[in-house]
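Look at the two complexes coming up: subunit A is in both, with subunit B in one and subunit C in the other.
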Partner chain A sequence: MPDTTSIEKATGTAPVKVGAPLPAPAKGRSLWADAWHDLRRNPLFVISAALILFLVVLALFPSLFTDVNPRDGDPANHYLGRPELTHWFRPDWFGYDGQGRSIWARVVHGTRASILVGFGVTLLVTLVGGLTGLLAGYFGGWLDSVLSRITDIFFGVPFLLGALVVLNAVTDRTPVVVMGALAFLGWTQMARVMRGSVLTTKQADYVTAARALGAGTWRIMLRHILPNAVAPVLVVATIALGSYISAEATLSYLGVGLQDPTVSWGIDISTASNQVRNAPHVLFFPAGMLSLCVLAFMMMGDAVRDALDPKLR
Partner chain B sequence: MTTVPLLEVRDLQVEFHTRDGVAKAVNGVSYTVEAGQTLAVLGESGSGKSVTAQAVMGILDMPPGRITGGQILYRGQDLLTMSEEQRRKIRGDRIAMIFQDALSSLNPVLSVGYQLAEMFRVHRGMSRRQARARAIELMDRVRIPGARERVNDYPHQFSGGMRQRIMIAMALALEPDLIIADEPTTALDVTVQAQVMDLLAELQREYRMGLILITHDLGVVADVADTIAVMYAGRIVERADVHQLYRRPAHPYTKGLLDSVPRLDHKGGELYAIKGLPPSLTSLPGGCAFSPRCAAATDLCRSQTPAVVPVAPGRVAACHHWKETLDAPAA
Partner chain C sequence: MGRYVARRLLQMIPVFIGTTFLVFCMIYVLPGDPVRSLWGDKVPDPAQLAAIRAQLGLDQPLWQQYLDYMGGLLTGDLGTTTVGRPVADEMGRAFPVTIRLAVIAFLFSSVAGITLGVLGGMRRGKYVDTGILIFTMLVISMPVFVLGYVMRHVFATELGWVTPTVQNSEEIGQLLLPGVVLGMLSLAYVARLTRTTVAENLRADFMRTARAKGLPRRRIVRVHLLRNSMIPVVTFLGTDLGALMGGAIVTEGIFNVHGVGRLVYDALVRRESAVVVGTVTVLVLIYLAANLLVDLLYAVLDPRIRYA
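Entry: the complex of A and B
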C-alpha cells in the first residue's frame, strides 16, 4: 500500500523511504520516564531517597531497631550520662532521658508520628488543594471567583496561629486530629499552585486540538490538562512535606500538638529543652532526627523539581 | 440545485472584545463547501480566515470572542443553534481539524497511539485493544514507517513531517465529511510540505471529503484547491474558481497578491509588494477596507463599502471597480 509515487512527483527525486533516516530513539519514553531517568542519576535524589526509605522503615517497623518500650522508664537511669555511641542499636546507645526512658527507643518510635503526619497532611492537602485549583483554573468564571476567594480567606490565616487556635479547642489530639488541623490550614498553597498551572496548561494548543476533535469536558480536564499541570504541584508537595513535619514538631513543642501516649520528636524536644545544660544529648537526638528528616524531604523536593522542570534549574 | 451543501457559512460575523475596543474579526463571510471539494481560504494574518474556521469548529474562545450574526449550516442544520452536546458529537467525527503546529497540538504526555485511539474511544466507544489496532492501521495509512513499533512513542520522538501525518491521521480517524486544515504545512520544511500536502489531497480524494484549506501560501493553493476565497479585513473580497482567479483576478487585492509571488520569468526585476499595512480591526476605514492601499481607489471606494456581487457564474467579488480590474492586462 505505501506507494511512493506522490512523493516522487512532489520532490522529483528517486523514491525515498519517508522518515527512514530518523535515529531510532529509545522506545516509548514518556516525559515521566525521562524525569525518572534524570532522577536516578541525581546524587541529591539518591541520598534523600535512601534517607527517606530508612525513615519510612523506622516508622513502619520500629521493633526491628529496638525492643525497648519507649514509654517505660527506669528511675535508675534518670538522665543517665553520656550516650554509649559504641553500643549500636542498643537501648543505651543515645543515653536516657529524665524519666529514665531510652532515647534511642523514643527516637525510633517517634519517627512514626512525624512520617504519618507529614505524608498524611501532604496527601490531604494535595487532594483538597489540587481539586480546588483544578476546578477553579479549568472552569474559570464565577466558580473561579468563589473558590479563589475562599482560598484567599484561608490563606490569610497565619498557619501556626491558626493551628494553635484550632488544636486548642480539641482535647484528644491524636495524629489524625493534628493532620486534619494542618491540612485545614495548608491546602491553600496547593490550590494556588494548581490553579496557576492549570491556567497555563489550558492555553496549550493540544487542549484546543482535543476540543476540536470532540473530547468532552472531563476527558480534557483529567486526561489532557491534569497530567500536564501536575508537575509543579508535586514539587511543592514534596518540599512542603518537610515543613509539615516541622510544623507538627513545633505544635507538639508548644503543647498543642500530639499528646503523651503518642511518642513524638516534638514532645521530646519540648521536655528536653529545660534540661539542655545538664543533658544536652536528650535534646540533641530528637532534634537531630527532625532536622535530618526535614532535610531529606527538602532535598527530594529539589531533585524532583530539577527532573520535572529542567527550565527552573 | 436542490441538494443541501455539505457546509454553508452564511453572513458570519465574529467580534472580539479587547482592551482597545471591539475588533470585528469577521464581517459577513459566506462560503460553501461540497463533498470532495477543496476550498482554499487565502489571506494575510488577521484577515479572519482562522477565526472563521474556529467558529465552524466551535472552538472560538468565548469570551473574548462572540459570534454576532450569521449561520453555519452543516448539511442544512445550523451548528450555532445546536446544543453543546450535539456539537461535540459532530466535532472530530463529522468535521475535523488539522492544526498548524503538530508539536504543540499533540499532548506531550500521551503516546501518539493513545491519542489516535482516543478518537475511537470517545466517538465509537471502542475497547482499548480495538482502538489501538485501529490506531496502528491509521499510522500505516498516513505512511508512518514501522507503525506497530512506533505506536507507543511520544510526539517529541517524531520528526515534524511525521507529527503532521499523525495530526492528519487523527483528523481522518473517523472518516469525517469535512476537514478544516489551518495552515497544515506552514510549520514544516519546504521539502516535507509537498509530501504532506499530497498525502492530504490523496486521502481527501479517497474519502470524498470536503476540505477547507486555510493558508497564505499561493503555491500550495494552486495545486490542490478547486475554489479560492480571498479574505481581507474579515470579509471575502473575491471568491472564484482557481483557474479563473489566477488568470484574471477581479479584485485589486487578489491581483496584488498574485503579483507579489516571485516568478521565474521576471528574474532580476524588483518584487512587487502591496503598499501599506492591513487596517486595524478595531477601527476599520470607512468604505472599502482595502481602499487606503489600493492604487485604483476612488472617492466612491472611500465612502461606500462595496457589496459582494456576482461577476461571472460561480464567481463573486467585492469591488466597485471589478470590471476594470478584470479587464486589466496581466502583469
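Entry: the complex of A and C
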C-alpha cells in the first residue's frame, strides 16, 4: 500500500520529452508481468524478499550461522548470561538463557519451526480452501450451498480457542500436528476469497467464448478460470503466512504448540516470560526475531497486493 | 425489515447447530478422559468410574450427548462441571470481565483506528500517512503476547502508571491497559482499512459535488466522506467483536485477568469439557449476533441498501 503513492509520483512527475512516444506502462503486459514490473521497483518488496530469503536460509542451514547445539546448556557458567553485542555471530552474542543455552543458537535454530509451520499451513490452507472455493464458485447450485454452509460452520469456531482445544488433546505435538490443526481451522478464509474470485471470473466473456468453442468443464475451470481467479488468493495467502507463524508462536507460548525437542521462538518466549524482570534479553531476542519474521511476510503481502490490485493505481 | 431479520435468524440456526456440534466433536472425540483424570495418577475403581460416567451422561453415544446438551441449553441449563458446580455460575463470573475488556478494546480500536485511518487517508503519501502505515505494520507484526510484555514493561515497570498485573478484575481502571493491548491489533487493521476506503472515496464524484456546492470542509468530511467510508470498517469491527472475546485468552494470561480466556484455559487443563463447550457456544452466539447487527447497520449507513 505505501508504495503506490511513490509510483504515482514517479509516473506523474517524470519529465516526458515532447515528441517522444508516451510511456504506456500496462500495454501488452499480462497481469503477472505487470505485477512483477511493479514489484521489482517497490522497495518494500525488495526489503521483504531479502528478509524472507535470509530467514529461509537460516531455516534450511542453521549450522552456517552457529555451530553451538541449541539444546546444550551450561547453567553453571552461563546462567542468564548478558548479551555481548559486539561478539558478532558468537554463542554469547545474544547472551544465555536460564538453562545456560546460547540464545543466538536458539534463535537461529528456532527459525526452522516457524518457517516450516508458516509455509506448511499456507500450502494446506490454499489447497483445501482453494479447491472448496473453486468448486463452490464454479458449480454453484446445491454444491455451493452445501460447501458454503460448511465453510460458515468452520468460520464460526473461534480460531485461537479452537486450535487450543484441538492441540490440547494431542500429547505428541510435532510441527506436522500443529500445521494440521491450524489448517483445519484456517482454510475457510481461503475458501471464501476463492469462491468470490471465481464467481466474478466466471462471468467473463472469455469463459463464455471457451465454452462456445466446446471446452470441457475441467478445461474451463483449470485453464481459464483458475489462472485468472488466483490473484486475490495469492495476496491473502502471503499475508496469512505471517499470521500463521504468529499463531504457532502464540500456541507454543500457551503451552499447546510445539514441544521441547523442537526449538521454537514461541517456547523460548514462554520460558523467558517468567524472567522478564531480571533478564529482559532472554525475551527480547526470540520475540524480536518472531516479529521480524512476521513483519517480512506482512510487508511482502502488502507489496504483492499493491502490485496485483489494479484498483489503487 | 422484520422479515429480513426473521430470515436471517432462521439462517443462523443451521450454522449455530453445525458450529456447536463441530466444537462438541472436537472436545469429545479427541483423546483424553475427563473422568479418569479426576483420579490423577492413582488407579481408579472401575465401578466408580462407570458410575460417574453414567451420572454425567458420558456413556451415551455422541449424538445423544449433543442432543441432551442442546436440550439443556434451550432451558438455560449449561450443565455441571465434573466436581458438580454449575457451569453457568463459572461463566457468569468470567463473562462480565471479558465483556468489559472487549468493550474497552473495541472502543479504543474503533475510535483511535478510524481517527488514524482518516488522518492517513486524507494525506495520502505525506509523512503522517507513512508514519501511520509504519506504525500499523509494526503492530500487526508483533504477536499479542510480545506486545503485551512490552506494554507491561513500559507502563507498569518503567513508568509505574499501573500495576503489572490486574489485582481486581472487576475494576474498569485496571482493565484499561489489557484492553488497549487487546485492541491494538484491531486498531491497526481498522486504521489501514479506513485509510484505504477514505483515500478511494476522496476521488469519488460525490465528493467533488459536495466541494462544488461550497459545503464547509467539516461537513464534507463528516457527512459525505466518513459515512460512505464506514461500511467496510463496520463489517470488520462487527466480525472482530467475537474475535476480541475469543482472542482475549493471551492478554488475560499476561495481565492475570480472570475472564473467559482464563476460564477456558483452566478448564482445558483440568479437562472440564462442559465449561469449554459452554463458553465456546456462547462465543459463537455472540459472533453470529454481531454479524447480524452489522448487516442491519448497513441500512443505516447506506440508504441505498433496503431490506425487504
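What to note about this one:
The rule we apply is simple: the second predicted complex is superposed on the first by the 277 of 313 C-alpha atoms of A that agree within 3 Å, B and C clash if a C-alpha of one lies under 4 Å from a C-alpha of the other, contacts with A are read in each partner's own complex, and residues count from 1 in each chain.
Here is the rule we go by: a residue touches a chain if its C-beta (ideal position, glycine included) is under 8 Å from a C-beta of that chain, and two chains touch if they have at least 3 such contacts.
The structure presented is a predicted model; accordingly, all values stated were derived computationally and were not measured.
Residue contacts after overlaying the shared chain place A:P261 against neither subunit B nor subunit C.
Of the two partner chains, subunit B is the only one that A:R211 touches; subunit C does not reach it.
In the superposition on chain A, no contact is made by A:P43 with either subunit B or subunit C.
Using the contact criterion defined above for the overlaid structures, shared-chain residue A:R223 touches subunit B, although it does not reach subunit C.
Touch criterion met: A:S273 reaches subunit C, while subunit B stays clear of it.
Of the two partner chains, subunit C is the only one that A:T250 touches; subunit B does not reach it. Between subunit B and subunit C, C contacts the larger number of subunit A residues.
When the two complexes are laid over each other on chain A, subunit A has residues 1-2, 6, 9 in contact with both subunit B and subunit C. Interface residues of subunit B, counted against subunit A in their complex, comprise 57, 59, 88-93, 96-97, 99, 101, 104-111, 118-119, 122-123, 140, 143-145, 149, 152-154, 157, 159, 161-162, 167, 170-171, 191, 194-195, 197-199, 202.
Listed in rising order, the residues of subunit A touching subunit C in the complex are 1-2, 5-6, 8-9, 149-150, 152-154, 156-162, 164-166, 168-171, 242, 246, 249-250, 253-254, 256, 269, 273, 276-277, 280, 283, 287, 290-292, 294-295, 298-299, 302, 311-312. Residues of subunit A touching subunit B in their complex: 1-2, 6-7, 9-11, 17-20, 22, 25, 27-32, 204-206, 208-216, 219, 223-224, 227-228.
Interface residues of subunit C, counted against subunit A in their complex, comprise 14-16, 18-19, 22-23, 26-27, 30-32, 124-125, 129-130, 133, 137-138, 140-146, 149, 153, 157, 192, 195-196, 200, 242-243, 245-247, 249-250, 253-254, 264-265, 268-269, 276, 279-280, 283-284, 287-288.
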